[in-house]
Each structure stands twice: as C-alpha cells, then as structure tokens.
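The block underneath contains the structure these notes are about, expressed in structure tokens.
Labels A, B, C and D are assigned to the chains in the order they are written; within every chain, residues are numbered from 1.
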Amino acid sequence: MATEAAPAPQPTQGEETPLLHRFLEGVGGPFTFVGREIFELIRVFALTFFYLFYRPIRWREVVRQCYEMGYRSMFFIAVVMGFLGMIMVMQTGLQAQKMLGDLSMIGALFLQLLFRELGPTITAAMIAVRVGTGLAAEIGSMVVTEQVDALRMNDAEPVQYLIVPRVIACLFMTIVLTCIAMVISFASAMAGAYLMFDLNPRTFYNTDLLIWGDFITFAMKSLAYGIVIPVIGCHAGLAAFGGSEGVGMATTRAVVNASLGITFVDFALSAFGFVFIY
Amino acid sequence: MIGGRLLALMEQLGGMSVLAARMVWGLVTLRADRTEFWRNMYRVGVKSFPVVAVTAVLVGAITVIQTGQVVAEFGATSLVGWGTSFATLREIGPILIGLMFSGRVGANNTAELGTMVVTEQVDALRALAINPIDFLLAPRYLAIIIMMFMLTIIGNLMALLAAAGTAYVLLGVDMRLYYASFAELIELWDFFSGIIKAVGFGSAIALVSCYFGINTSGGAVGVGRAVNSAVVASAVSIFVLDFLLSAMLP
Amino acid sequence: MIEFIDIHKAFGPKKVLRGVSLTVDKGQIMFIIGASGAGKSVLVKHLVGLIRPDKGRILLEGQDVTALTEEEYYPVRKRCAMVFQNSTLFDSMTLLDNVALPIRKHFNVSMKEARKRAIEKLELVNMADAAERFAADYGDGMRKKVAIARALTLDPEFVIFDEPTTGIDPISAGIVDDLIRDLSERLGVTCIVISHDLRSIFRVADRVAMLYQGQFRLDGPPAAYRETDDAVVHQFINGLPTGPFEL
Amino acid sequence: MTTGHAMIELHNVTKYHERERVLDNVSLVVDEGQMLGLVGPGGSGKTLLLKVLCGLVKPDSGSVLIDGVDITRISPVELSDVRKRIGMLFQNYALFDFLNVEDNIAFPLRRAGGMGEREILERVNELLERVNLPGINYQFPNELSGGMKKRVTFARAVIAKPPIIFYDDPTMGLDPVTSSKIFIMLEEFQRTQRTTSICITHDLLGARDICDEWAMIDEGRLVFRGDLSAVRASSDPFVTEFWDGAL
C-alpha cells in the first residue's frame, strides 16, 4: 500500500513560484516514476524468492506453465532465430569479403558472438515479447475481473499462488529455449554461408575461438533473463487496474519494461564479462 | 494442426493487406483526420523518445563490447570505429530500436484500439457515420511510420556517441581515432540502408498493431490476447523484413 | 416509419431471431423488452447496418436498407442515431470535442462553428457548463446525457437507445428516462428503446413489444402488459421467479 | 431475528485516493443475522467499503471490527483466518477461468483443508442442486450465461458456510426474472443460515423486501441509515428522489 506522501513543506518567504514547482516536478517526475517502478519490481522479486522456499510449490502448475510458455513459443522463436542466423552471416560475410578477403573465420566468429551475445539476448527479447506480454495479459485480466481478490479471500496470496510457478517455469524454459534457438540459428547460418558464399559447412563449424568465458557469460545471461522476464511480466499484470483499458496498459508496460530490463542486464553482464573474463 | 495454423496465418496476411490498402487509400484521399494525426504524432513520438534513447545508448555500448573486442583481437583497433558503427547503423540499431518501438508503440496502439472496440466506441463511430479506418487507423499508421523514421535517426546518433564513449573507456580507443575510422570507411549508403529498414519495420509495426487492435474480440481477456499476438507478429516481421531488405539492398 | 419484415438471424448454432416482424410509427416511444440475450439489440442493429440479417427485409421510410455497402449506410445512420449501453465517449477528448466531432466531420464548418453548435446540443441536455471537462470525471448518468447530445448533433429523425438505464443508479436512470420523454415531445424524434428496466417501461413507453425466444410475444401499450393473461409475459413483467418463462 | 450482538462495526473509516476522500468518516454497525442493503449513486464508494470490510483495502484512518476483531491491526495470518469466515460475491463474478465449475466452487474448502475430497464433492453437488444448476460440474466459466455465473459464484461464496456474506450488486445487468430468482436464493439462504450480510444493489424493487435495514452512501459519506419505514418517512430529498417509484 503506497505510503501517504508527506505534505510539501510550506515555503517560508512568500508564495513559491508554481513555475519552479512545476519545473522541478517535471524534471523529477520521470526519476521518481522509474524509482518507484524499480522499487516495486524488487519487492515482487523478494516476495517471489521468499515464497520459493516458504510455501510448497505447485509443481503441476509449473509443468502446465512450461507447456504454455515453451511449446507455444517454440515455432515463433525458431523462425526468428533462423532468420537471425542468416542475416548475421550475410552481413559479416559481405563485409569480410570486401575487407579481409578470407571467409574461414566467419563460422568461429559467429559461434562466439552467438554464445556471448546473440543467443541469450535475442531469444530473451523474443521470450519477453511472447511470454512477458502473455503473463501480463493473463494476470492483468485476472486482476480486472477480481479473480485475484477472490484468491486473496481464500487465503491464496497471489504472488505465491500465481507468480512463483510462472517464474520457475519461465526460468527453466528460457534456458531450454535459448539452447534450441542457438542450434537452429547456427544451422541456418551454416546453410546461409553455404548457399551465399558456398563456404563448406565443415570449415564454418569451428570452435577454436570458444573459451570457457563464453559459456559462463551464456549461462549468466540466460539465468538473469529467465528471472527478469517473468517478474516484470507478472508485476505489470498485478498492477493492472480499471477494466479492459487496464489490461491494455499492463501488457504495454510489461513488454517495454521487459525489453529495457533485458538491455540493462545485457549491458551489465557484457561489461562484467569483458572486464573479468576476456 | 499444421494446416490449421497455416490457414490462420494466410487469413491474417490477407486481412492485413486489405487493411493496409484501405488505410493507404484513406491517407491518399486525405480523408484521414488531421487532429487525430497530430495527437498521435505527439503521443507516439514524444512518449517513446526516452525509452528509445535509453535503448540506443545501451545498444551502442553493447555493440562496442562485442564487435570491438573481436576487432581488437585482430589487433586492428583503428577499425573499431568502423566495426561498431557499421553494425549499429545497418543491423543492430534498426532491429533493437524496432523491437523497443514495437513494444512501446505497437503494443500501446493495439491495446488502445482493442479497448475502443471492446467498449463499443468503434461501433459508436460507425453509428455516427464516421469511417473508423479513416478516423482512427490511417492517422496512426502514418504517425507511427514517420516517428519510427525520426527516432531511428536520433537513436543511431546516440548509439554511435555511446559507442565512441565506451570504446574510449573500455578499449582505450581515442575518440579522434574512432571518428577518423568512422568517417573514412563508412559510406553514406550504410546509413541509408539502416533508415530504409527502419521505415520498413515502422510500417510493419503500424500495420500489425492496427490490424490486431481493430480485430479484438472477447472483453478484457481479448485485449490482452490481441496485444500478445500483435507484438509477436511485429517481432517476426522485423526479422523477416530485415533479412529481405539486407538481401535486396547492396 | 420503420418496418422489419420476417427477420432471421443466427450466430452459429444459436438462432437469435426466428422471423421477426415489426413496424415502428413516427413520433412514438417504442420499447423492445425481453431477457438479456433474447436478440433485442441484434434486431435494432440491423437498421443501421451494424449487423446484416440472414433472411428478411428492413424498410426505412420505404427505402430498402437490408444489405447496403458501408458507404451507403452513412446517410441511413445520419437519420437513425444510436446511443450505446456504456455511453461510448472518447476519453482522449473533452466533452465538447466529443459532441463537436460528428459536426466537424459532416458539415465541413470551421472548428469554432462546430463548437458553437455542440454547445447548443449540450444545453439541450443541460450539460453545457461541463463542456471543457473530460468524460472520466462524471458518473454514468451524466456521461449518458452527453452521449445522447452527441447522437443529436446529426438532427436524426430516429434515435435508438441500447439499454440506456441498465447498470446505472436509479437517479441517473430517472434523468435518462425524462430526457427520452423530452426528446419525443419537444423534438418529435421517434425513440426506439431496448431495455429490461421495469421502472422506465411504465414511466416512459408509448408502446412495448416483448421479444421471447426469437419471436414477438406481445406488442401493445404498457397497459396491455398489466392485465395480460399470457403467463410468460405476466411472469416477466412482474419479475416473478417461478413460471413458464425460461431463457 | 437479530441477537443484538454487533457482528460488523465501522468506526469513522476514511480512505484517500490521490488527495480526494473516497470514504469520508463512515461509521456503521450491523448486528448478527441482519441483512443491510447498501445503495447510492454509481462511484460513491460502495464497492470500496466492502473491500475495506474484507481487508482487501486498508483504510487510511478509522477501525474495522469483524466480530469484535479489528482487522486493521492484525497480522496477515490472523487476517486470513478472519477472511475464512467471510463470503464475498464479486460484481464481475471473479470465477477462476482456469478451473471448471466444480473446482471453482470447491476452491474455498480445498484451500481451508480439513475436509475429505468425497465430502467436498458432495457439498458441491448439493449446492449446485440448490441453485438448480445440476450437472454443469465440468463446464468452464466462459461457457456459462450471466445468470448461471452469478449462481455459481454464489455457491462458491457460501460453500464454507461463512457467518458473514457480502454481495456486490448480485443482479447487475440481469433481466427481472433471473434477478428475482437470485434474490429469492439470497433470502432463503439468509433465513436458514442466519448469516450477517451486506448487499449492494441498484435493483431497489427486487431487494426491497429482503433487506432488514438500508444504508445510503453518497460521495463516500453515509447519508442515511434505517429500515424501510424510515425511508418512507424520510424528508431528505436525496432519499426520496432515489427511492421514488420503488416504494
């Protein structure tokens, strides 16, 4: 429950110019908004973490959510990652041909980039779009039709009853989907390289550039995304209010916050990876 | 199952092309509502600028970390400027800004249209003998495309600045050197191809979000579902378009 | 006058209208009542082309308006305005702009002229002082009045009300009922009201037709409903829980 | 019928919504076994008052006593125990769309625990019989009509035999016949279980003879409290205008 904002202190000398007041509010506004948003996210995350160990987990619901999130978004992610593979190969191939003349290293370079950056981040972006919005829409409409209030009346805390299974399922599915997506992406890249620059797939597939650091970055990123996406999606859903318009706002908020969240985490972990691992 | 899904896909594509034709027709014959157009230009543009700006800055930094590091490995630190800005201008900028745009603008557009359909406001428009496509959809379609075009230009600029900054901080590449390699190796065409892609993404996002918005059904749950399918469809169309445009453009 | 001739309409397996015929004379307040989902608003939406019939014809002052294209329906809709159940005002605009919108779109007059006419219409429903406010600041009754003002901007001969008093409190419902009565007397507008609000039926209606299982069960003045011997009508009109009436 | 033991007490409860008082110093006492009708214009804070009574919303000031326990000053665990003794019929049904009718109705008992599965199912079927909806155990909420959903929500609210029940506009948007069936069900349950309950409604005609006492709320303030005869005797224009035609 939002605490009551303390009334603004009365200015001592004469009437405070409303312009200054409004200006400060204008400047401060976005920061307080972002601040409150982050604070609420941390609160939901802490609650989820607490309930993870406190109450029994509804495993049947987790499995159902895995199906809902994983299987249903498989086709969509496969298409996107397939195209991604081909696009990256085409771009790097064209430039490498123009600049360096030799194409042998494309495969290795692409694999490294895939592990470090493209694989986890782009898959997570797609999961944020498909699953993040889905969660916000589903939970948002449950809030708007007062189902969440009904849950609370029957001693089922929404975070524990609804969100914990979804977070676990999403975490698990993010890792699984990222691996599958990378295989698909690499396969289509290999095909692309063969078709466009008739580069022999065997030379395309070489892993000498891969170092342990890449696997660590990959694992860190997928784990982080796997938690960030559902928490943001569910939080946006829970904060919905006011009829169908509320559900609309919740879904928009989910996809924007999730995309921003992913970009921030990507930046932080890439910087971390760069400084420590390479 | 596969047949059913393909059939649904074809039906959607058909519906979208019909809607696109009618929207463009509404624009060409200037029947689209001006005040609605300017209102949307403000809402789409100004409201999504901060989000796009933050994404652009982070994208610039991330590009430097990834591609810069590869180029440095080859010892060609002078090429860092070229490497990152090439990738940003052509590929990563339009895609990531497009994804953020499809979230911030596309989802919002679908949600708003969906709510108007579900609360019978669209029926009210038709009952007042006002064509909803001319009044609601055509202005939004144009506003989203124009705003995507402008925001990508600004986004690219911010991404490059952020990239230059990160290159200096992380790789110690001097700004002047970064700018030199940028000015020397980047052709104007790299910049334009990125912008063409951005406009392509913008029109896809606008069309998809308007289509799923106006075809919403089934109360509050329907709005949520419409936004979900709109954002998914925008993401797919961004990558498909990117592939096609990259292949066609030199 | 308006004539519905033998209208059939089904949504998938559910047959909503089974050969319904009705004539509405000019200048009277016609109520169409029946259980929710009995097809009341479906029937009326045929008149303005929001729904197309499977079978049957609709005549508006002799002109056949059964299956026109969207463009051809525009003149029809200018003559038959419609007020929806949840008073569909556009939240992004002020009340004045809401009412000025149709004027601006149809009479290509300057914005100032459109606003002036809109104020006149708002005075009709005595909401003129709230012109610059937004819809969200007002309760259901007030919003409904503005929605009615907006429907009047095209000076229609017929106004259709889709459940005007459902889900709003008795005071606002009373205001809306008086407004409908006022429209009919002062402006000579023919009102078709879809409702299952027993209070407004006996307070305002000139003529009442009851739709039951896709057919008209009884069509006559409100008094006919008081002493009807038809068990189904009797049960419905008095809201008795037991009896032959089923959904 | 009332034993004079105060079951529900509100002492000058106030709630702000962005610097505006949506509940303004409300004080109310409902004795055990009594049924209080809560009426007032749309958006006057009726539903909010029920949510405060359920502990779903925390008031900014004032105290809320359920059977002598002040729920604004107890721990969440104790609060959930108090809630087990409260049944709530939500305005837009709040049926879980991921559960079928049987699981929806059985949900409170399964959550509370301490009862065998067989006995729970027996209780569910008995209630379905009572609301004359036998055999729809495996249907899902979206397949039901408005009236059916109301009855399923009612069954869910009363299955755990709570001593207190809150009804949030149980007959909104329903036609007269279904509304009176719902009211009959409420009254019959009220008589047999001797529950204390508050019923929000706009259908004064239907609820008139069911509620023992009436409370009227306008813009967050309690403006009237008394039984039907007090309503008839009242000179306050707000009361008389609100009730005209339904007395």
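The rule we apply is simple: a contact is a pair of C-beta atoms (placed from the backbone, for glycine too) under 8 Å apart; a residue touches a chain by one contact, two chains touch by 3 or more.
In this text the structure is predicted, and so the values were computed from the model without any measurement.
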| Among the chains, which is located farthest from chain B on the basis of C-alpha centroids? | D
| remark: Two candidates, B-C and A-B; the one with more touching C-beta pairs is A-B
| task | Could you put a whole-Å number on the gap between the CA centroids of chain A and chain C? | result | 48
| request: With chain centres taken as the means of their Cα atoms, state the distance from chain B to chain C in Å. | output: 43
| field | Averaged-CA centre spacing for the pair chain B and chain A, given as whole angstrom | value | 18
| Approximately how many whole Å separate the CA-defined centres of chain A and chain D? | 41
| Can you list the chain C residues in contact with two or more other chains? | none
| said: Residues of chain B that contact two or more other chains, please. | reply: 119, 221
| note | Flagged in chain D as touching 2+ other chains are 97
| field | Pairwise touch network: line, ring, star, complete, or other | value | ring
| request: Determine which chains touch and list them pairwise. | output: A-B, A-D, B-C, C-D
| Which chain B residues qualify as touching chain C in the complex? | 33, 39, 116, 119-121, 123-124, 126-131, 135
| message | List the residues on chain A that touch chain B in their complex, please. | response | 30, 75-76, 79-80, 83-84, 86-88, 90-91, 95, 109, 112-113, 116-117, 125-126, 129-130, 133-134, 136-138, 140-141, 144-145, 243-252, 255-256, 258-260, 263-264, 266-267, 270-271, 273-275, 278
| message | Which residues of chain B touch chain A once you look at their complex with the stated criterion? | response | 5, 50-51, 54-55, 58-59, 61-62, 65-66, 69-70, 86-87, 90-91, 96, 99-100, 102-104, 107-108, 110-112, 114-115, 118-119, 170, 219-225, 227-228, 231-232, 235-236, 239-240, 242-243, 246-247
| What residues of chain A sit close enough to touch chain D in their complex? | 1, 4, 142, 145-147, 149-156
| task | Provide the residue numbers of chain D that touch chain C in the complex, in ascending order. | result | 39-43, 145-147, 172-181, 183-184, 202, 204-206, 241-246
